[in-house]
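Below is one structure; the comments refer to it alone.
Which chain is which? They are A, B, C, D and E, in the order written, and residues in each are numbered from 1.
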Amino acid sequence: MEAYLTSYATVLALTVAGILLVALAFAVSRLVRPDREYGFKLSSYECGIDPVGTGWSHTHIRYYMFAFMFVIFDVETLFIFPWAVVLGTSEHQRFIFGVMLVFLFFVTITLPYEWKKGVLKWV
Amino acid sequence: MATSVFALEPLWLALLLQALAALLLFLIGAVVVGYLEHKVLAHMQDRLGPMEAIWHGIGQLPADGLKFLQKEDIIPTAADRWVFALAPAVAVVPGVVVIAVLPFGPGLWLTDLDAGIFFALAASGVTVLGTLMAGWSSANKFSLMGGLRGAAQLISYELPLVLAAAAIVIQAGTLSLPGIVEAQHGFTLFGVPMIYGIPHIIGLGLFFVAALAELSRPPFDMPIADSELIAGHMTEYTGMRYAFFMLSEYAGMVILSALATVLFLGGWYPWPGVGLPEGAAGMVLGFVITFAKILVLSAIMVWLRATFPRMREDQLQRLSWSVLIPLGLLNIVLVATAKVWF
Amino acid sequence: MSETLPHEGGVILPGGPGEAMSVEIRDGGLVTQEMNLNIGPQHPATHGVLRVVIDLDGEVIVRARPVIGYMHRGFEKLAEARDYRQIIALVNRHDWLSAFCNELGVALAVERLMELEVPERAQWIRVLMSEWNRILNHLMFIGSFGLELGAITPVFFSFREREDIQSFLESATGGRLHFTYTRVGGLKEDLPAGFLDASRQMAATMRSRNDEYRQLLLGNEIFQARTKGVGALAPDVAVDYGVTGPTLHATGVAEDVRLSEPYCVYDELDVKVPVRTNGDSYDRFVVLLDRIDASLDLIEQVHEGLPAGPVNRKMPKTVKAPEGATYVRTENPLGQGGYYLVSDGGKTPWRMRMRTPSFSNIQMVPELLEGSLLSDMIAILGSVYFVVGDVDR
Amino acid sequence: MAAPSLPGSGLLKGLGLTFKTMLSPATTAQYPHVKPELPPRTRGVIALMEENCTVCMLCAKECPDWCIYIDSSKETVPVEGGRTRTRNVLDRFAIDFALCMYCGICVEVCPFDALFWSPEFEYAEYDIRELTHEKERLREWMDTVPPPPPLEEGAVPPAEIEAGIAAARKEAEEAVAKAKAAAEGGGEPEAEGPQIDEELFARLVAEGTPERAARAKAKAAFVKAQKRREREQGGDQ
Amino acid sequence: MSVPEVVMLATGVVGGAAALLVVTSRNVVHSALYLVVALLAVAGVFLVLGAEFVAWAQVLVYVGAVVVLLLFGLMLTRAPIGPTGQGNELGKAMPLAVALAVFAGLVALIVTSYGGEVIALEHVPPAALGEVLYVAWALPFMTLGFLLTLALIGAVVIARREEGEGPLPEPDPDEPEAAEASPPDSSSWPQRQPEPTPDEREVSA
């Protein structure tokens, strides 16, 4: 546990260091950069034309199906890792191989199904 | 588990050194790869690239950095100020954090996590949040679309990336990056010492393609497609904030190349079975070898950029879901079968 | 067609900025708002200041309207206050990529009004220059098309060639872009020594370089995926809109002024017009590459057949076209250029009207854009060859 | 198109080409370090041969941009044994290169060969007003004007130029011979020589100007040159 | 207090505060971003508790995926992005009650299960997790796979219904267009303007 916590202290230190890097760069930049914000400089870029509507207009993303699938496949890949670690060394090697095969089968079977249903289209 | 050279007492000194080393690696890695991109790209296009800064433009990127520092920081009125301002930081910090687990030579890593590769993949995935934040907060249509494309790309290519890595984990039996390098060092195929990249050629391909997409590098640079979306999520950014996005891109190249080096190319060993001298010499040699491998992989990324047109978002998704992900799953099953029965 | 009823049928959420806050329920499903987007006038993809207003539904273009006029410089009106020599210096500027061909059109129109016979050698050199100019123009579009698809290298390659060609054209004309080499009644002056050698050498180089473009882009699977079947233009639509040049040839219509109404010495030369049949972005690009080869063929024929002799006719100090009107068609790199010249006998035209290929090409663009993806818009705009200056004049 | 090939072979071919390009030397010209060699006809900057200018204003009138500014004044020249004549003196000749569109019409229309193209191009300025080159600056560009290039095989130089060149050559030879004779004779060549600008005369003749007119103009130029010499001497005193 | 305890407390506070901001923030995307912070804090808590793998799984799946999904959803459903006005008063009370009830339930559950028991923190490496998960818990694991399949099929069914069969409806020329541009320098949201006709719009655009 001690070594574990020490190793994560490093991760924490690096996070802090990263934030400091950004903060420091901005602080230095603030000292040397000009600050003359006005008018058109502050308008949103739309090819030199006054923006039409707000930039937050809502677009139709038909690809949210991909997001669904990603979440589910992400959960799936997540379970592969602990399995991958123990596969080589476990006493029940073949059993856990079979377990994962069943699991993968369940999840993967949806892929051709969706393909057939035609929801995997981007636009 | 091998120990890191940074395992020092007292702890605060170790942490300080680690933080400094990480920042140095982050910045130097990004600058070197940036310079590589400038020059390799230029020569592939029959031109010279930067030539004026110091010698052969070697000082170009630091000079650019200085220039960025002096640039005005403009936040558009329509933008969501705080999210806009924080987005570059969100893009950069994960890059620094991931360096924690990257091994650059025997003992040359900051820490050796049990969940090493998994940690690296999870943390680097946070970068996309920066893209999305930038894209949304800019209140610009091009940015919004760029951000959405970036997010879409991430969700489709995180999977092949992770699946390819998982196959290596099966092979090596550990998640620790130094552990993978050591396991690879002892790996033989039909008695011949071999890097994982050769039997795992599918995995290497998957990992590399997915890494390109994850980094929004050509031919998968739709999120910042300059001819369509101006600069995607970076359209409204100026000065230092823009520089951080660029920095995170180059650092991302270093990080993913380093991961590929560890997973597929034998890490700091010149070739599995070929050892390194003990002590400092081995460390230096190991560092040079690792960095050379990283640069070669980065140069290949640049090479692809120089040659290929951009794909279309729907083509990219189709490629991912109908080719790469099934291939990744198949690869896992194949490797697992080989592991269990051979 | 369903009705969009944001206020009656939709639910207005409290306190939002107008319509952007409403959720529409249409046909029992959620409907998103279309995004109105300006591509241009300052956009990297529109090389020039063309503006295309598009309505996007997600990434699909629902409506597209090109808005032109950002670069209108009134060339036709200016021409009414310019004598013919000045007009020649002027017309190579609206379509800056087809400078020589435009000059030639004006000179031909004046010469036709004056019923002037131009020396043989001048006519051959005019063909030579026209074809080199055509190659220059096509190189530009080959490069920029690659750039728009995200391939950044072709543009550097094509500019390398452009520079080489421009260099030796400069030795003859003095200009790299605006040649101003034609004169009414001939040419400004004869070619300098060594020009033909340089031209021969460049033609050989250009042939091998043209293969490089094919290697770099044409065979590339990503390039094919991005362009094949994208923005397919039907031949009848193309003809209806008056589309000409490579964009028309890609649809299978081989209309080319150099064949149908030869000027200069094109009737003595073996003019090949490369034609493709699909009319998509890919074919438009292939036609461009093939046209370079065809132009090189012509250039080599000129090298062989260039007669000796003067390049100029003795002209009066002020050129005055006799009263009357004429219309000259030329095959400019981008398509047919038309020069309608009305003279009242003075030293300036009474009216000069130009039919520019880019204008006709661009008006067809909404036809292709609507229903395609935003990314395809780039592939389409990049392959419907136009120069904004040539559109707006 | 071509025969069906392996998938991805197109990608590999492209990669091969970029790699090959990387290994071959780049074509970039390191411009400020290596100057380009420009052909003599390059339209870089317009040079003014002030001595040839007769203030006919043709260039200014023909310029599509109206970027040539000419000021002149009348000067009376007393002629011995005759009535005084007036002639034009060039006070200002300036070209605004910020307006100029480098069409070359002025050079072409100049009947007295006072304007020339020079391939020089490095005259960018920080202030747009500096881009208006006055006649002194324009005269300096004259030193950079290259001789016209020889023509391509099969070209027929215009007859008047052929004749002019021959005439000028003859004139020059005569002048040399005369000068030689004068030197041998120990006389004063300046006093004995014809009071005209030989060079200009030769050129004018070459251009097809009637000899009488050319002689007159050359004489005027000579007088003007002499005037200027006198003025300069006067300024020195 | 030991260092892990301090970190635990800090992540807890940060996570709690972020969670509170998630529900109080008037801007939906801000809420989503606060949710990221909250989820990261939860990951931090897992880390301190020694559940290394679970922590990074939290980051990978929740931060990487759920938030992406959330943002996609926001943009898709055309729900108000950007600051909304007054919330629904009734809509505040109900969730609050539910949240409090859930919180009370969880606290009661934990107290009754562990009440006062001190558990030594222990690092669980992924390998140990694997040994347990795929052997002892094999059946639940496979059931999970089935569950995920069902979830996906459900998503497909929903997507099919939303998409509707047949081609997209043609755009109606009379269809009211988006609200006119808000001037970029105006700090307040513009009021709704009368519907411009397409012609007017072209002129003004």
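Criterion: a contact is a pair of C-beta atoms (placed from the backbone, for glycine too) under 8 Å apart; a residue touches a chain by one contact, two chains touch by 3 or more.
Only a predicted model underlies this, so the values are computations on that prediction, with no experimental measurement involved.
Enquirer: Would you mind checking which chain's C-alpha centre is most distant from the centre of subunit A?
Expert: Ranked by distance of C-alpha centres from subunit A, the top chain is D.
Enquirer: For which pair of chains is the number of C-beta contacts greatest?
Expert: A-B
Enquirer: For subunit B, which other chain has the most distant CA centre?
Expert: Most remote chain from subunit B, centroid-wise, comes out as D.
Enquirer: Roughly how far is subunit A from subunit E, centre to centre by C-alpha average, rounded to an integer in Å?
Expert: Between these chains, centre-to-centre, one finds 14 Å.
Enquirer: Centroid of subunit B to centroid of subunit C, CA atoms only: how many Å?
Expert: The answer is 42 Å.
Enquirer: Quick one: report the Å distance separating subunit B from subunit D, using the average Cα coordinate of each chain.
Expert: 61
Enquirer: In subunit C, which residues are in touch with two or more of the other chains?
Expert: Answer for subunit C, listing residues that touch two or more other chains: 17, 20, 31-38, 43, 57, 59-60, 153, 157, 160, 216-217, 220, 222-223, 373.
Enquirer: Using the touch rule from the top of the page, what residues of subunit D touch 2 or more other chains?
Expert: In subunit D, residues 11, 14, 17-18, 21, 27 touch at least two other chains, as defined above.
Enquirer: Can you pull out the residues of subunit E that are in contact with at least two other chains?
Expert: 52-53, 57, 60, 64-65, 68, 72, 75-76, 78, 81-82, 123, 126-127, 163, 178-179, 182, 184-185, 205, in rising order.
Enquirer: Which of the residues in subunit C come into contact with subunit B in the complex?
Expert: 35, 37, 43-45, 59, 146-153, 156-157, 160, 216-217, 220, 222-223, 225-226, 373-378, 382
Enquirer: Provide the residue numbers of subunit B that touch subunit D in the complex, in ascending order.
Expert: Per the touch definition, subunit B meets subunit D at residues 40, 42-48, 51, 303-304, 306-308.
Enquirer: Using the touch rule from the top, collect the residues of subunit E that touch subunit A in their complex.
Expert: So the residues of subunit E touching subunit A come out as 3-4, 7, 47, 50, 52-53, 57, 60-61, 64-66, 68-69, 72-73, 75-76, 78, 81-82, 121-123, 126-127, 129-131, 133-135, 138, 141-142, 144-146, 148-149, 151-153, 155-156, 159-160, 163, 178-185, 205.
Enquirer: Contact residues on subunit A for subunit C in the complex?
Expert: Subunit A reaches subunit C through residues 46-49, 52-54, 56-62, 122-123.
Enquirer: List the residues on subunit D that touch subunit B in their complex, please.
Expert: Within the complex, subunit D touches subunit B at residues 11, 14-15, 17-19, 21-22, 24, 26-28, 30.
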